Every structure is written in structure tokens, then in C-alpha cells.
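Going in written order, the chains are labelled A, B, C and D, and every chain counts its residues from 1.
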């Protein structure tokens, strides 16, 4: 699948491939295969089966061994809702120093921990990414570089726009037009040149002296908050409430290809599909 | 205790009294007693013993019944780490419309839910307060009015300063300087007399043209982020890691009276006291 | 309430009073009041609010301090589903040696822990009681002395019968017939006067040679298993599924007084009441 | 690995192969491979990654689809401590009727649920197996057919003996000598003839008229309880406390091959190894 995606994704766009098995050796092998298939970097999810003993010591060993061997930069991925496993702040303080670990994605929504990851990795070439559009604005506000969001599959422009409203409202210099795409956060340090993407998102004419003015920055902050609020209900619906099947259904509605979820994930029941649709209609992302 | 505190707290400062029992009737009685003792508003923690059946229906009934009877404005308080009980977003959407429920404090640290509480209560006289200094900046960034923070007991100036850095960086108008009152966030709407108190908190003379400049706002945002990062380790230490005993020990160190924790909470072991001290030294809040 | 119950309960029956507050001092005071009201022994539930720090050290301190002061024998009570707090096996190994701690009730349903409590308290005057009819047979099979069961409020004869089927099937000596007193299991050791009460419970004349025969014992074991299976669905319904309100509703059906649950516990919804009734009908405890 | 094991395991011994992937199709494929490798039956663990949506509907679909296709009898396996996913009692009531689902192994230790699984599958060719030696006696007492125990890797005779003490104490007929091995419980209905194994465990001379006497049965029950108590501490140590690494270490001590755990599971720290050894010495299974 990575190879097929690579064929479709232009070379100047980053291709992050998800990796990660229960075993360290199996994970290493998978990383090699992903590299051969053309990925640019690897998002390695933590193991989770033997969660009772997957403590800091085991996880530091695991990620270090994988990163030592990996031909590509590694991004740590923790998603306790799926794996039951968390990285502690002190484990991240250690792992962020590894030259081949360039960042992490954390999906807990525990914003205090996310902020702590940013705090302890300050000064390292290490980017902390939020794991959901539900707390994108909060993640950015505590110093995260960006986010990898399920909601980006169906509302990519809105997720990108929220990111840009935030950066524009906080930029000390004149705010540039939106000429970097929502994946820019994964710029992975010096070696990468992730840029010049999705120019079309915001009209280039929108950047001028006025935008850098205080009024515009305040307006951007206001819009960021409003957009975050608007994205909350749809985001919760396609993640926590209705899961992957809800996400794919909503992608279909938005004009993308969602298709059926891989079994044993079940298609939505009719009542759930209607409830999901109501949320999107009420949020203004779908017409009745 | 409320009566004694009232005697010490000037009339122009809000006195919030914690209330909340397992039973609805017992809670009502406690609210009456708190009012007689001189509180200005009541923070009513949810019941938690029969958590398996304390669902939305039960919690909406409970808080509505209490607020109907309460002689003082009610602030809902949910702290799942202690009670095991959460309010859902839709329950808050209902409760925020009650004329005598003026806000809520939520200590989960689930910033997505906190943002959702703000979103669904928009337009109501209802303030959403964060429940910890660990996510104060994030809470403010998603629209919370303020926070009630354990850390405020030992680092009140810093917690207040973080709040003010944030408000100054986001204020469209001229920004006053920091006034170091961590309780100011709890202004309980127009109907409440506390709204008048707040005016005095911020001397109008303290703002000038320079402070409202773009550079100053950007600087405030930068300082807010830095201060939030600095407060993370001490905050985690006196809440999650070492609990009330840690909090009280740190208050002693900071020149306040912490004293012993109420049994069965145990005093810190020597090793834990040293570990706690190291965190405060490393964070720069204590000298070695 | 204890005083009123004492007036109704004959002196030769044990009256266990539930005690237990968040604070150690408050718990001591409550124990004194319970003793004055006429209780025979105290079931002291663990505190639970500050669950993050209520570790072995704190719980051993708490229960030891309470038992030191208590004028009546103390039975430890742990119910993690309500309090979020558990006693470890090693904590019980310590506490069971206290001369005024005569037993414990544990409602986790973690039968491995229950068996471990029995194993580590062997040789002490300490009885381990199961906390639910859902695992009564299993609890007895791993060496528990008995149980305190919510289901005993509505199906007391059946719960008692299950206990007696088990004891008869395992008794090396002649076995008495069922005496239908679900509280008999709580005999609190030699020092306690209640030990005399128990003698009367089982009329010695009721046993004869036939009852002790192998066939009868095997039949008792078979009946115990069958009865346990029959009690499972009703028990789950009035505990986990429908809680206190379900328990009280079922008591009403069984000819006892259940009455309304204390608010904020809600009365059953009509659909739930019907579902509960169906379970009792299907189990044969109610007619359609 | 299954093929290699098959080469070592005599044809008259059951070879259960563990199967189970996150996806239904992948699980089907794995089942085919296991069958080709020579397994006799398949133990299919539930998926667990998308635990939030792996409800009854999804799990019934999954196990039904797998069993429909599987060339070998399927045993359901639920282990919430690893997967975070549980089968409900009503899901088991449905699945137990499938002609190719012959049983289940449940490792929760929730003995009420285990008993309920037995109760709802009565009359079906369906065996409920406990998932740990920690609650083997309790599982048998509520009607389970047997157990699959990690502890069997290091103390196989003792685990088997506990099973046999129980069956002998409950057998209505003359108790046969211990001529069936500890895996007999997985006899999987008519089609299988699992017998004549491990004759040597108990001397054949031990079966005579006396054994069937009441005294012998009572003695067996007493010994079963005592042995269960003795196995508790070692079992907890090699499962919950020290995990797979502890299990393998203890196997080495017992004269079997444990070897290193698969990474990222870490070898025991020296202090942990000593603590583990102390538990085995104190329990009498190792000399100091």
C-alpha cells in the first residue's frame, strides 16, 4: 500500500508510513519494507499487547533499537485508546535525543502531557504532534509543531485553515500567505524541504501589510477559536462515537472515497448513520 | 471553615465554597449551610460512589435540583480522577441553561471536552473553568474563562501571571498589567455582584499605548508559553505524583502554611520529599 | 438508622453496621456512634476520593488507627467499583493480624485476590467474605467463610441455601439442614460473643446418617452449582445492570419493602423495569 | 512454529494453536496456515486495537466468520488485560451455538462472568476454560471444563494435580486413577479422543474402593484447596507481577527451557529476579 501511495504522492510531499508490530525485530523488518516502498519517514506505533510490562524501560529499548536500525527518520506514535500504552514524560526526555527520532505523535488528548513533551524536548530536533483535530488549537497553543488528524481525511481544508489561523495570529513577522500545506509540521529537521504545497488553499492576494497588523492577528485568533469549536462535534463523531466506519462514511459524504471499513469493524447501523449525518448538518458541513 | 475564611477574605473578593455530598438532599442542606457561613458562590462536586449508574440523567437531575434550591449561584465541579464520574457534553448543554448554574470546573485535562463545554454553552451566562494549572494555557486557548488551580496555593503569582500573559496577548484593546489575583477569572456573570468587584482588580491607569503594540502582544504570548512550560513539572509533582501531601509540603517551602494532610493521607516519605524538592529546585522555584 | 434496626433485630442475631468516611478521624467518630446505637460489629469501607494516593501505606494506617480505637470488631470492606481503591494481598497479610480486625468483605469479584486473602490470613482469626452472590460459590470454594450479598435482600432463602448446599457437600461430618440465615457466615471468632449465637442457628437434631452419605454430598454439590447458575442473571441485573434502583424494585416484587432509591439515583425507566422483570421471569423467580 | 511443535507432539495429544489477527480476513488466513501446519484446534484471540468499537456486534460477526471458514474447531479467547476487549454473556450465548465453535478461554478472572458463560452455554457442545491457574479451582467449582494456564509451563504436575483433586472430590462414581492429562478438558466433543496421557502422574495403585469413599473425597477437596492456595503466589508472580520474562525465568529454574523473552519484553532486573526467586522459595517450589 505504501508503494501504491508513493506512486500517487508527488516527490515533494512527505509520505509518512505507519509501522509498528508487537515485536522489536518484526518492527525493524517492517521499517525496512516501508523504506523500500518509498516512504519518507516512519510513524512507529508502540506495541500494546503485554501492556502490563510495557513500561518506560521496555519502550525506550524498543524505540531506540528500531530507530538505530531504521533507514528513515522515526516518529514515535502513542495512542493509549488503542494500545493501552503511554510514554512517560521522562521516557520522551530520553528518546527525543536520539538522532534518528525526529518527533512524536500523541493521541491521548492529555494536553498537560503533550505540553510536557514539548517542554522536555526543547532544544532537540524533535517535533511534538497532536493526534487529533479535537485538540489541535490547544496542542498548538502549548507549543506543538502540528498534528496528524483523522479529521483531515474529510475536512482537510478546515484543519489546515485552523493551523494557519493559529500560526498567523502568533507570527511575530508579517504573516505570509498560506503557502504551506497542513503537513508542513512534519518537516523533520534540516534534511527535509517540505514546502511550496497547496498554494491554492488561501488566495495569495490575502497577504499584505494589513494582515500583519494587530487587528488581523486578533481576527485570526478569533477565527481559530471559532473554527476549532465548529470542528469539535464532527471530530468527536468520526473518532470516539462512530470510529473508523463513521470516518469513512463521512469521507464518502464529503466527496472523497471512504468505502467500507475493514472487518470486523462494522458498517454503521441506519440510526447511527442518521445521527452522524445530523451532526454534520448541524455543524454546517453538510446540507440537510 | 467557610465562616472563618469569610472573616479573613475581604468582601470585595469572591469566596467560593466547595459543596457536594453523595445524596441530593444532603447536598442541598450543605449548600444552605455554606450560604449562611458567608460564601459568595458554591462549587458543587458531583457524587461518585454509585458511579455505575451516575449517568447524564442522574447528574442532570442532581445538579438541577441543587441549583433550584441553592440560595447562591452554583458552579458544577467534575473531577473524574477522584469521583470516577464525568459530565457529558450534552449534559452540560442542558445544565448551562439553568439560571442559577453560572459555570463549571472540570479537572479531567481532556481538553477536547473542555473545548466542547465552551462551544455548547456559548451564548449562555456560563463560564467554563479549567481545573489545573497543568492545562491552564490550553484551557484559555480553547475559550475557558479561567481556572481553579491547586498550584495557586503555592505559586499564586505565577499562575495569575500566566493568565494575564494570555489575556494581554489576546486582548483587542489596550492591555492592563498583571494584577496577580488568581481568583479574578471567576466572575460570575452580570447578575452576580462579583462582576463589580473585578473592575477594581485592574487599575485602568496601568495600560498605555506601548503595551498594546503588536510586539508586546507577541512577547506576552511567548512568555505565557514559557511560563506554562515552567509550571508543568511542579504542577504534576504536587497533584498527580505526590498529591495533597506534596502540595502542602511545597506550600510550606514557599512560605505559606501547608501543614500536615488530613489522615489517612500520609506525610511524604523522606525520599519523596527530596524528589519533590529536586523538582522545585530544577524548575527554579526553590534554591538548592 | 442503626438504632432503629437494632430495635428490630433480635439480640441473638448479628447486626453489622456500615461505617467509613474519607477521613480517619471522621471514621473513628462514626464507629463510636454506631457502637452506641447498638451494632455488634462494624463494616468499615475504605476511603476513595484521593484514590491516587490511597496506597497500602495509607490504607494500613487508616484501618489500623480505626481498629485501635473502635469499641467493636472491625470488618474491612473494599469495593473498587464504588471507591476505586483496592487492598493488596500484602496489606491484608498485615491487617489480618490486628486483634480487633476480624475479617474483610471484598466486592471486586477478582477471585484470585479473594483466594489470596484467604491464603495469607490462614491461622489468624480473620474471615474473608465475598461481596456478591454472583461469586458466592466460587468464594466458598477458595476458602471464604461466607459472603455479604445485595441479592440477600430479595432472595435471602436462595442465597442461604446455596451457602448450605456448599457446606453440606464439603462437610466431613454429619451435615445439618438448611437454616436460611444469610448472615450466619459472619461469626467473628472466639473472642466475639456472636460465636455463641451461631450455635442456635443449626438445630443439631436435623442431621442424620443419610445426609452425610456420599450420594447426598454429591447431590448437594450438584444443587449448589445449579442454584449458583440460576442466581447469576438476577444478581447481575440488580447490581451491575440496574444498580440500587433495580435492587429496590426487585425487593418490592419479592414482597419486601424496597421503595425509592435515594436521589440522585433515579427510578428505573419503564423499559428497564420491563427488562428487569423479564430477567426475573426467565430465571423463574417471578411469574409472567 | 506450529509445524515444529506438531513434529514433537504425539498424534494422540491435542495441539492447540493460537491464532487471531486484528482483521477478520487475516485471521481466516492464519487459521488455514495453522491447520496446514498440523494443529488440532485453534484458539482465536479477539482483536483489540479498535477496542472502542469492538462491541458484541463486531465480535459476533468476527468469530462467526472465522469459525464458518475454519477447517478446525475454534476456541474463542478473550484476554482483556492484553486486548482491552471482552465478550458479553449474551454474545457467548449466541456464539456457543455455532457448530464449529467448541469452547472458549477467558482470562479475566471475573468469576461471575465465567460462571455466566457456563450457565448460558449449558446444553451446547461448548466448553468454558479458565485462563489462569490463579482461579483454576474457582473456575472448576462454577462448572468450567478446565483451564489453559501459563503456570502449566513450569508447574505442570501441580496444575494437573489440582484439576484431578477437584474432579475426584466431585465425581459421583468411583474415582479413576489419574490417567488423563491436564489437557483433557479440551476434548472438544465427540470427534476427539483425548485420553491415555500422562499415566505416570499418579500411581495407578492409588485407585481402589477406598478412594471413592467419602473420606477420600473430602480429603481430595481439602488438598485441592491447599494446592490452590500454594499456587497463588507463584502464579501471580509469573503473570501479573513479572510477566513473560518472569515466567521464562521460572521455567529455567524448574528445569525447562524458558530462555529470553521476545523483545521489547525486557529480561528481569536483578532485584526482580531475586524477589521472584524468594516467592518460589517461600512457596516451597525452589530450595534457597
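One rule holds in what follows: a residue touches a chain if its C-beta (ideal position, glycine included) is under 8 Å from a C-beta of that chain, and two chains touch if they have at least 3 such contacts.
Which chain is which protein? Per UniProt: A, B, C, D = 4-hydroxy-2-oxoglutarate aldolase.
All values derive from a computational prediction rather than experimental measurement.
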| item | value |
| --- | --- |
| Chain whose mean Cα position lies farthest from chain B | D |
| Separation of mean Cα positions, chain B and chain A [Å, integer] | 30 |
| Averaged-CA centre spacing for the pair chain D and chain B, given as whole angstrom | 51 |
| Approximate Å spacing (C-alpha centroids) for the pair chain A, chain D | 41 |
| Residue numbers of chain A (touch at least two other chains) | none |
| Chain contact topology (line, ring, star, complete or other) | ring |
| Chain pairs that touch, as defined at the top of this document | A-B, A-D, B-C, C-D |
| Residue ranges of chain A in contact with chain B within the complex | 89, 109-112, 115-116, 118-119, 122, 132, 134-135, 137-139, 141-143, 170, 172, 212-215, 217-218, 221, 225, 228-230, 232-233, 235-236 |
| In the complex with chain D, residue positions of chain A that touch it | 23-25, 47-54, 57-59, 61-62, 65, 81-84, 240, 242-245, 262-266 |
